[in-house]
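Below is the structure I would like to discuss, written out as structure tokens.
Residue numbering begins at 1 within each chain, and the chains themselves are lettered A, B, C and D in the order written.
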Amino acid sequence: MQVELDRRRPGQSRITTPRKESDTCKILSGVGQGSTLGTPIAVSVPNTDQRGNDYSEMALAYRPSHADATYDFKYGVRAVEGGGRSSARETIGRVAAGAVAKKLLKIQSATEVLAYVSRVHGVELPDDVVDHEKLTIEQIESNIVRCPDPVIAEEMIKAIDMVRLRGDSVGGVITCIARNVPRGLGSPVFDKLEAELAKGLMSLPATKGFEIGSGFSGSKMTGSEHNDEFYIDDSGNVRTRTNRSGGIQGGISNGETIVMRVAFKPTSTITTLQKTVTREGHETEFRARGRHDPCVVPRAVPMVEAMVALVLADQLLQHHAQCQLLRFDTNLPPANGEKGSENVTLEEAATRR
Amino acid sequence: MQVELDRRRPGQSRITTPRKESDTCKILSGVGQGSTLGTPIAVSVPNTDQRGNDYSEMALAYRPSHADATYDFKYGVRAVEGGGRSSARETIGRVAAGAVAKKLLKIQSATEVLAYVSRVHGVELPDDVVDHEKLTIEQIESNIVRCPDPVIAEEMIKAIDMVRLRGDSVGGVITCIARNVPRGLGSPVFDKLEAELAKGLMSLPATKGFEIGSGFSGSKMTGSEHNDEFYIDDSGNVRTRTNRSGGIQGGISNGETIVMRVAFKPTSTITTLQKTVTREGHETEFRARGRHDPCVVPRAVPMVEAMVALVLADQLLQHHAQCQLLRFDTNLPPANGEKGSENVTLEEAATRR
Amino acid sequence: MQVELDRRRPGQSRITTPRKESDTCKILSGVGQGSTLGTPIAVSVPNTDQRGNDYSEMALAYRPSHADATYDFKYGVRAVEGGGRSSARETIGRVAAGAVAKKLLKIQSATEVLAYVSRVHGVELPDDVVDHEKLTIEQIESNIVRCPDPVIAEEMIKAIDMVRLRGDSVGGVITCIARNVPRGLGSPVFDKLEAELAKGLMSLPATKGFEIGSGFSGSKMTGSEHNDEFYIDDSGNVRTRTNRSGGIQGGISNGETIVMRVAFKPTSTITTLQKTVTREGHETEFRARGRHDPCVVPRAVPMVEAMVALVLADQLLQHHAQCQLLRFDTNLPPANGEKGSENVTLEEAATRR
Amino acid sequence: MQVELDRRRPGQSRITTPRKESDTCKILSGVGQGSTLGTPIAVSVPNTDQRGNDYSEMALAYRPSHADATYDFKYGVRAVEGGGRSSARETIGRVAAGAVAKKLLKIQSATEVLAYVSRVHGVELPDDVVDHEKLTIEQIESNIVRCPDPVIAEEMIKAIDMVRLRGDSVGGVITCIARNVPRGLGSPVFDKLEAELAKGLMSLPATKGFEIGSGFSGSKMTGSEHNDEFYIDDSGNVRTRTNRSGGIQGGISNGETIVMRVAFKPTSTITTLQKTVTREGHETEFRARGRHDPCVVPRAVPMVEAMVALVLADQLLQHHAQCQLLRFDTNLPPANGEKGSENVTLEEAATRR
């Protein structure tokens, strides 16, 4: 959990906000003797480097493209310190929970979730030059922008440095893959796997777009170009030769690698002078003084992985409940760790009869 | 409701599937005396033109990029007639329910939801040449492809005709706007309004991508280019001069028009010969014979509107429950249509004390 | 399903309402080739013997202790035919769904759910004279009141006949047991198994009380009298010698038989002249003419079983999802009915490493 | 919030557990400037007087009628300190949240929730000797057992003292009323108001039964005795002369006082020697040494009130969302505290047209 939080932590490099937060997590409940206990896992990560006066001007005016105005519209309050409820600091909770989900996925089905920065402003790493089957976390973590191609990473860092020095910001794109996802996750209609992933990822701060598989470029193709043909691999499994579906067909995972892309807008908080209004309805000008990220995507990589892992773990549990029920075959109902219980799958049970 | 279903209906023009379904809806419950009754609204829309033998080959082989294989992976069954659970025929239910949601939104807050086709294959209608404040349903419905620009509509129809004649298909993009959305809909963290909209829209069949406001192009901008500055309009309301946020900031609607784009892949069912496998694990070839849409986007326009209307109606109810409670101010609790009850808002109640 | 519906059907004996409804069910979707298909199961059960004019006076006045007034208070409408949304006819859906849940429970864990009438007005069959381990459905169905003791059943029938002839009604109690419930169902805090069962049963029409195990009489005992001591049975399983807990401890099933009791009020619709008011606020008198049950409990027996089966089936799925995950142990994620997949429990997986 | 927690606190009198916990609450988030902020309210209440060694024997053996065995059956772990997840200490959270719900109900609709002890072992205060319309919190809090009748309270205290001195325990019953509940709360079918209340109350530790209105005694009545006749009161409101329904008809509140009763079993932890088994499957004997309540009902009074308040507050929000929508009547959607917005009810809006 701490490893993941360190990837999200402010102050980790020159291209992130200079705020210093150790983001040290303390587990308050739910874990003991090396495993979970069946109880909720509570984690505390206190703030240490919050400077209240950085936010003094925000109390007067709504920051453009921030949540100040809409939060006030909805709840009738202005909670300004650190961005209030809308601070991206809330993503700590997502990353911490994602660490647990990743572990569950790894143990259950050797599922791996990996994200990387595939665009910063005009600098792009096309998906098709990355080998998604061999991509490693080490490649991603080998540079501060979290792009697995070292040359393009360098260009991305330069692009961020350029806006950073003048107090501006840039947007970017994160590509996320999930390998070894069990077949059968997701539902055919409203709760399609891509719909759940889209919701999870579009709930991250600053996101503006989501793609699965071929994405928007798929809308420019013909069916004969786009369809993924099936074949039988050496192990006798049903596979697809191409993966424009992005690992999901009809809302259900097909066992191929799931590939997604998420667009992030440029950070709203910039030191450029901007026009805005006060809560009382007066027009005014505003220049931010807080210490903020010139580009959110390097720190958003673990957030994206966390949300995907959480969605997949949820879907794994649901799939088991609906489609992988064990059959209890003893006189007395079986209990964990107790003798006398024999578990057989429904299918095996059916063949016995 | 029937008007909306007619927009979705197969056989409505030469660029849709030639299957003839009247899709006549019959309301079984929930409505009477000109209004809803508080009970679930049940609607029946029977099939009339289903030809079972169109699907005979499908029973043998998994159709490429269709849900056949994944449905079988998950549930262990092949339900082939009409595509089974994964048939886009299920979207009838969405469109019918959306008609009710649209009416609620219109009465409650004069909210309007309009979608149109903004791309077919290589033919695009850029969002910025459409005046989203003045767009009308008549403009959209003025041609069979549902694109409000007549010249570009003609090109789109040609593009569809071209693939239609050779049994292939093309993808496309639908842009959807929601005007006059009340401020304050949505939640700050997990249930952001754009996350709910993304889930709703990515649950439609054949979708591959979702954008809100600036979308993926926003990731190529700087903060100083992207931010929406606030001003006070003539009525004294807080407004934004630009709308790159797409009507939502920090997960909550800000009263500006919500703008979304949804990418649809080309229809999977094509008459081209394709390689695939059978359920028993043998490689084979497959050529579809069913009557299918050469491009899904013209018929998907009412589906997109329906999902957006359903999400907004849900959020409207939630917002009312959390933030717009009335205060009951009588001795006896008030009842509908009964004398003696006086409703005041919490705010008014506070000033009285 | 039809067998269960026949147990609920009106007109099945002289002590139920004389309305004649065959209640023949037709399955519209979700089942084929002898099994469920992973799609929702839709069932249609049309009315045949509804006489609209039986309800003419109801349109004028609120029937005492019926839902007429409160439904109007909430929704502002009067939907009178057949009792509207509040008609006990809605329990058909519960009984139909319960038939599916019962089958699932039987296959999964040999769990059986049986209910019987244990009181009608002053005539009571004490729980402790019934051997809950040996009780059979045949004993329950051996008489029209559904009480497994033939002598007491006769007295109950007489008690119902007495009020039936004078147009009055009586209340009663149903006892329900669930045998062979797997250990571990339920949650420790808010979603305790007894809480879910209480909600399920108190959602049935006309219920006024719920007990689990010792119930209200347990509140008159001391801890030393009430506690269930543990022992190890011949198969080495942890069991309790007594079952005042009623099969649930700390919100979680312990493998002993679950025992519940549900109180039903006398049917509200009686032919006695009663004072009431009209919708317009005038006082008036009312005498029902509809054909109604003099006592609801004989027909409520299958409803009680259905709700208990539905709750247990839900909990079984949830328990599997949370605590009985299989581990996928192959290179490629496994699929239903496909070679190459080997399922091992987490525990087994742990011992291999 | 602290006032309510003090009513639940251990060590408050000689008839509760002698453990000393101040149960001082600290609000971590969600409240500021004298009101809620729209964010989750986090409350911390640390333990101070926990003696680990009180629980040493429990680690060896399952305590009879406690959750030790079932928790282990479900999750495969033994979390013993303080009872683990199943400790009634979790009810602090319910009481804290209930304090917020009570405030909301009071402001919104002047709804009051009051509970009192109506039975301890064989000592009973019949409901009909208490005037539920005039009952005050002062009467309830006037003695340590929380029974509004001073004479019977004295007998109850004696009954508790008797078992307390010999290390045994007794059960009891709590009656709870909710006055001035708005009409229309609850739903007609699955989510009946009494079903929600039953679930909320049966989720409290040690509960064995629930009654609404006439409860189990209602099952011994005839319809002509049980029905609540309607009349028009002096203010022109529809009322009932009797209240055997307990304030709810057809799952929906009717504006009369809601009356419930909850049965609590005797505390499981007693110092009597009892037979039990160890986790490893050996039979043994066990005598508790922890400091526990000889009777839970005095401290359970605020828990019962809290759960009822939480259910009613939830239902109030849902009712507003479904049936009390405001209509927005301006060009621009209205926002909190902003000029130009005019709220009218749907009904008013309808009459204007």
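Some points to look at:
Please note the rule applied: a contact is a pair of C-beta atoms (placed from the backbone, for glycine too) under 8 Å apart; a residue touches a chain by one contact, two chains touch by 3 or more.
Just so you know, these numbers come straight off a predicted model, no measurement behind them.
Remark: among chain pairs C-D and B-C, C-D carries the greater number of C-beta contacts.
Put simply, the C-alpha centre of chain A and that of chain C have 43 angstrom between them.
Averaged Cα coordinates give chain C a centre that lies 25 Å from the centre of chain D.
Separating the centre of chain B from that of chain C, both taken as means of CA atoms, is a distance of 39 Å.
Shown for chain B are the residues in touch with two or more other chains, namely 38-39, 71, 73-76, 85, 183-184, 188, 236, 238, 253, 255, 281, 323, 335-338.
If each chain is drawn as a node and touching chains are joined, the picture has every node linked to every other. Against chain C, in their complex, chain D makes its touches with residues 62, 64-71, 73-76, 85-86, 90, 119, 121-122, 163, 168-173, 183-184, 186, 188-192, 194-203, 205, 207-216, 218-232, 236, 238, 240-241, 244-246, 248-255, 263-270, 272, 274-277, 281-283, 319, 323. Contacts from chain C toward chain A in the complex involve residues 38-39, 107-110, 180-184, 188, 233, 235-239, 253, 255, 316-318, 320-328, 331-340, 343, 345-347, 349. Chain C contributes residues 32-33, 35, 37-39, 71-77, 79, 84-85, 335-339 to its touches with chain B in the complex.
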